[in-house]
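What follows is chain A paired twice: with chain B in the first complex and chain C in the second.
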Partner chain A sequence: MAQTHVDIEHLKRARKRRDYGAIAITIFLSIGALVSLLPLVYLVCHAFKPMEELFLYPPRFFVKSPTTKNFSDLMNITSESLVPFSRYLFNTVFITVAYLFLLVWIGTMACYPLSKHKFPGHKALFTTVTTALMFVAAAAGIPLYIINTRLGLVDTYWVYIIPGLANPTCLFLLKQFLDQVPDSIFEAGKIDGASEWQLYTKIALPLLRNAQATVVILTFGGIWGDAGTATTYIYREQFKTLAFFMTTIGGGIARAGAQAAAALIMTLPGIIMFILQQSRVMDTMAHSGIK
Partner chain B sequence: MAKKVVKYKKQLAHKRTKRTLSFERRRQLEGLSFMVPWLLGFLIFILIPLALSIKISFYSPTLNDLYRGKYVGLANYKEVIKNPSFGQAVFEAFMNSLYQVPLVVGFALFVAVLLKQEFPGRVIFRVIFFIPVILSGVVMSYLFSEDVGSVSVFSQLVQSNTGFMSRLFGGALTTHIGNIMWSSSVEILIFLAALQSVPDILYEVVELDGANAWERFWHITLPYISPFVILNCIYALVDSFVDARNPVMSILYGLMVQGTKYGVASALSWFYMLLSLITILIFILLTRRWLR
Partner chain C sequence: MKKEKKEKNMRPAEQKPKKRFFNVETRFGYTMHEIWRYKLSYVLVAPFFILFTIFTLIPLIASTVLSFTYFNFLNPPVFTGWDNYVYLFVDDPLFLKAFNNTMFYAFIVGPVGYIASYFFAWFINQIPSKVRPFYVLAFYAPSLTAGVAMSVVWLVMFADDSQGYLNSILIQMGLIYEPIQWLKDVNLIMPVIIIISLWSSLGTGFLSFVAGFTNVDKELYDAAAVDGVVSRFQRLIYIDIPQTMPQLLFAAILQITGAFTVGAISQQIVGHPSPEDAGLTIMLHLSDYSGQRFELGYASAIAVVLTGIIILLGRTAFKVFGEKE
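Entry: the complex of A and B
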């Protein structure tokens, strides 16, 4: 009897101690989370600031008297663009969808033999790929321009899509994930007479679904907000992207508000995508790290 | 007779191994053909431009005459080494990484350990700590270019709550803290994954032996996830070396825009890449004994 009493006392004390721990953790993480959220909050506040608050010195972080004037300004600017605004939107959506589809397709196809066929030299290849990650992209800019010109990609939709398809980061992530899948599944498939193509489409692709979502999330921002390609490679206005159009808004004090609104609008699709896919992303990241 | 049978069996065995080998090889080739599109892209849009930039780093090309510029040997590299502003930028970039990497990895490990605990709202916190990765492409560059009177976002926050906050943190210090927190998202996730791989039974055992949380961390968690600490250090090193806000990067972009100094720019970027590769190699060699 006495023994039980002591046990209960002990348990109670343990519970209490853990509760203090949980509170401390929650407080610390809340502070961290606030800092992580700051850029987002700043962006939202900025988009609703009236002109005099945008140029206030010293600048203010939060908005005092919010206004939607920036958004109506943006609407006015879009109505007088060179090409109809819907064309920019269509270009960006088309390029993003096509790029992400091809990226995932080519990436998953490449990671399958790299992970499941230990062909001679697969390690060397993988090392080359990971080393290439380290190189400064800017240095290869001008040779890349010449190559794109020679291939006739300049001034077409292809220049947005093709050069970025062989993405080392994506291959790395997909391969790490496929490494988690036991070889025996593929061997079983082989014994049942599946061809390589069937092994890839029927086994590897469905198992890689979470990894595909992660690749999409991580690359979406880059292609959606890509204004540099349009500036460098595209001369015809009807092939330029929304992100490029947003950069043309800037410049001039009068349009700073519209630019802040545009920046907020440009980030919204990425955030919505992430919220929709977040459970899958977390899952992949949790797996890709484990060797 | 017996000899003949043995010989026949040997032949059969030989034939069989030969056949299975060729079958395996055929499957391997079939699988390899899946890599062709990716490899072509890698070759054409990454490797060939890189190789050309090595070549260019030994020439003094102009924009109209990139391939047939004058061969200058190591002159571009000499210029890179002699020019004090380049040396200073490279030094600055390395110093930045030196202090940033341990802070980023330490912070990430701390947060990951906390996020591993059971407490209400854990999932929401995990998502929030990942948000900077999504924002990074579009917004971060906007936020950092948005220097109204060269005051960054963080000092704006500090100045908006004048008094206590600004006395507590100088503007520069808070900016550094923010940078570290924002650049540790991926590291946090890698650590979270690593922590999940530590078997619970180890914790149970030492808990029975009376180890407290502090001892559990130093004697179980840290030794178990040490390979991931090293992986994260390398990741953070690479991340800070190729960061667009790095002083070397801004010099490179400047040289590119001028156009005429393309040979020097190529030399600088190769010089810088070699230095970073050597740093990472040294780091790997030093930490090899902790890798399992």
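Entry: the complex of A and C
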């Protein structure tokens, strides 16, 4: 369907000879994109700058003689600390993977009945979710601290994962995606003799892949860069995250290089994730035939 | 009585496949029957809502209750009625400062970021789909570089000495002779924070718009072309905006919440406490009382006021963009 649309567009363009609007928009977007990419390019350049280029006057945007010394400096800082760099990295990767996996599945499970079943109370539950989109996490910080302590989550991996699992934004997104799937597909499945469970696993789940990828993209940055939880809830150094370690590096002239390298390490996975998932989302959306 | 018993006994003989536990004639019975019928639905939503109750709902209710008390973690809370709220609005000049700063920020970054997100997404939808991913990435990248990277990028950009990029450029262009104290000048702190926020304001809402435009049924364009809707602008008004209402609502909610909970960015850029509290926001004021002074009752009152503002505006957004039933 997408293909035919492109064809029609092409035909229209050919008829009009030249679509000046599209050209103007492309030029405008290209300039905007370059400006928008500046911080990222700067971040990459900065991480590979040798000491003398970091403090050059007048400052130079691009790196001239790139070096990986900043990264080895960063590793050396951890050699003085109690826990090796690899442990921080493992913690962050483990927490991120576990959290995203559980988050996506808890959301996916809840979104199907909310979207397709008219069970008693479904409206009240969904209103709760939409209202919860507006809740400020910090507003409940004090009681949450007490609850986390009482439940024994403090100073374990669980405190990173469990309290954030019921994420209303994710559930809302998944439910909205499923709403666009016509009910007739499910009714057809019912007529063919599928049980409710089969309708969920065989029809709803495959259709929700895009939405799941979107949820992963949107929540990845938050959990990967989560330094606050470690500060508040974790006392044992070996359970702290990479993001927390990065905040302890501190500034100063001696550590400016290491800090730039750290900033790149914290940012890059999110961007790579986004590139990987984005192509998938765009691709599947164009071909999935959801109307 | 006897008759009923007889009927019940007759059922197996009639071989009715479905057993009904509840008398569906009554309202209560019908509801219970429905609940039993949808048992799988409840099983599926249970994990989410159990976790939601424990880690969001109960803390929020508890926070509201605490806002009417004096509580410092060491002693049990003491009920003080409306005292916290009275103090908040009458006797706390810092809260008013934080309130004004937050409002100033929210009423600029909120609408400008929202409209920019929509139009950039719309522009991207106008160009060939093959090059779209690059532009989406380019515009979304600044929000990905938030957090830890923030200090590295923006502090150098707006550095106070002549080492700062902006000062360096302005001096070289001959526009200024002395470096401007971007992050120390009381009048410049909020504008600088706003500029940085706008730079990275194409976030989740923007992505939601891009996805929303992709989902607009392309046949609608052809159908509308018959009715004379041919130009880009006409399509935007008659097709794109109505078709992306769900995304408009979702992004509006996120934008409102994001704008009013500003705080982290101010802390990273100008530090906390900032010079003459020029960068103080409601969120930072809240963290002062909960994290530093341990006046948790008062901190809860601030939290309740903030949540109240957001929910009030959010509900308005629901009225504007929501489905009319």
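By definition in this document, the second predicted complex is superposed on the first by the 229 of 291 C-alpha atoms of A that agree within 3 Å, B and C clash if a C-alpha of one lies under 4 Å from a C-alpha of the other, contacts with A are read in each partner's own complex, and residues count from 1 in each chain.
Here, a residue touches a chain if its C-beta (ideal position, glycine included) is under 8 Å from a C-beta of that chain, and two chains touch if they have at least 3 such contacts.
Please read all numbers here as calculations on a predicted model, not as lab measurements.
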{"item": "Partner chain(s) touched by A:21 [first = chain B, second = chain C, both, neither]", "value": "both"}
{"item": "Which of chain B and chain C A:62 touches, first, second, both or neither", "value": "first"}
{"item": "Chain B versus chain C as contact partner of A:240, first or second or both or neither", "value": "neither"}
{"item": "Which superposed partner A:214 touches (first chain B, second chain C, both, neither)", "value": "second"}
{"item": "Touching partner for A:175 - first (chain B), second (chain C), both, neither", "value": "neither"}
{"item": "Touching partner for A:131 - first (chain B), second (chain C), both, neither", "value": "both"}
{"item": "Partner chain(s) touched by A:166 [first = chain B, second = chain C, both, neither]", "value": "both"}
{"item": "Residues on chain A lying within both footprints (that of chain B and that of chain C)", "value": "21-22, 25-26, 28-29, 32-33, 36-37, 39-40, 42-43, 46, 55, 57-59, 61, 106-107, 109-110, 112-114, 117, 119, 131-136, 138-144, 146-147, 162-166, 168, 171, 196-197, 200, 217-218, 221, 225, 243, 263, 266-267, 270-271, 274-275, 278, 281-282, 285-286, 290-291"}
{"item": "Chain A contact footprint on chain B (complex, rising order)", "value": "27-28, 30-32, 34-35, 37-42, 44-50, 52-53, 56, 63, 66, 111, 114-115, 117-121, 125-140, 142-143, 146, 148-149, 151, 153-154, 156-157, 159-160, 177-178, 181-182, 185, 189-190, 192-194, 196-197, 213, 227-228, 231, 238, 241-242, 249, 252-253, 256, 262, 265-266, 269-270, 272-273, 276-277, 280"}
{"item": "Footprint of chain A on chain C - complex, ascending", "value": "31, 34-35, 37-38, 40-42, 44-45, 47-49, 51-52, 54-60, 62-63, 66, 120, 123-124, 126-129, 132-149, 151-154, 156, 162-165, 168, 172, 199-200, 202, 204, 207-208, 211, 214-215, 217-218, 221-222, 232, 246, 250, 253-254, 256-257, 260-261, 283, 286-287, 290, 296, 299-300, 303-304, 306-307, 310-311, 314, 318"}
{"item": "Contact footprint of chain B on chain A as seen in their complex", "value": "21-22, 25-26, 28-29, 32-33, 35-40, 42-43, 46, 54-55, 57-62, 106-107, 109-110, 112-114, 116-117, 119, 129, 131-144, 146-147, 151, 162-166, 168, 171, 190, 195-197, 200, 217-218, 221-222, 224-225, 243, 263, 266-267, 270-271, 274-275, 278, 281-282, 285-291"}
{"item": "Complex contacts: residues of chain A adjacent to chain C", "value": "1-2, 5-6, 8, 21-22, 25-26, 28-29, 32-34, 36-37, 39-40, 42-43, 46, 55, 57-59, 61, 106-107, 109-110, 112-114, 117, 119-120, 122, 125, 128, 130-136, 138-144, 146-147, 162-166, 168-169, 171-173, 176, 179-180, 196-197, 200, 214, 217-218, 221, 225, 227, 243, 246-247, 251, 259-260, 262-264, 266-267, 270-271, 274-275, 278-279, 281-282, 285-286, 290-291"}
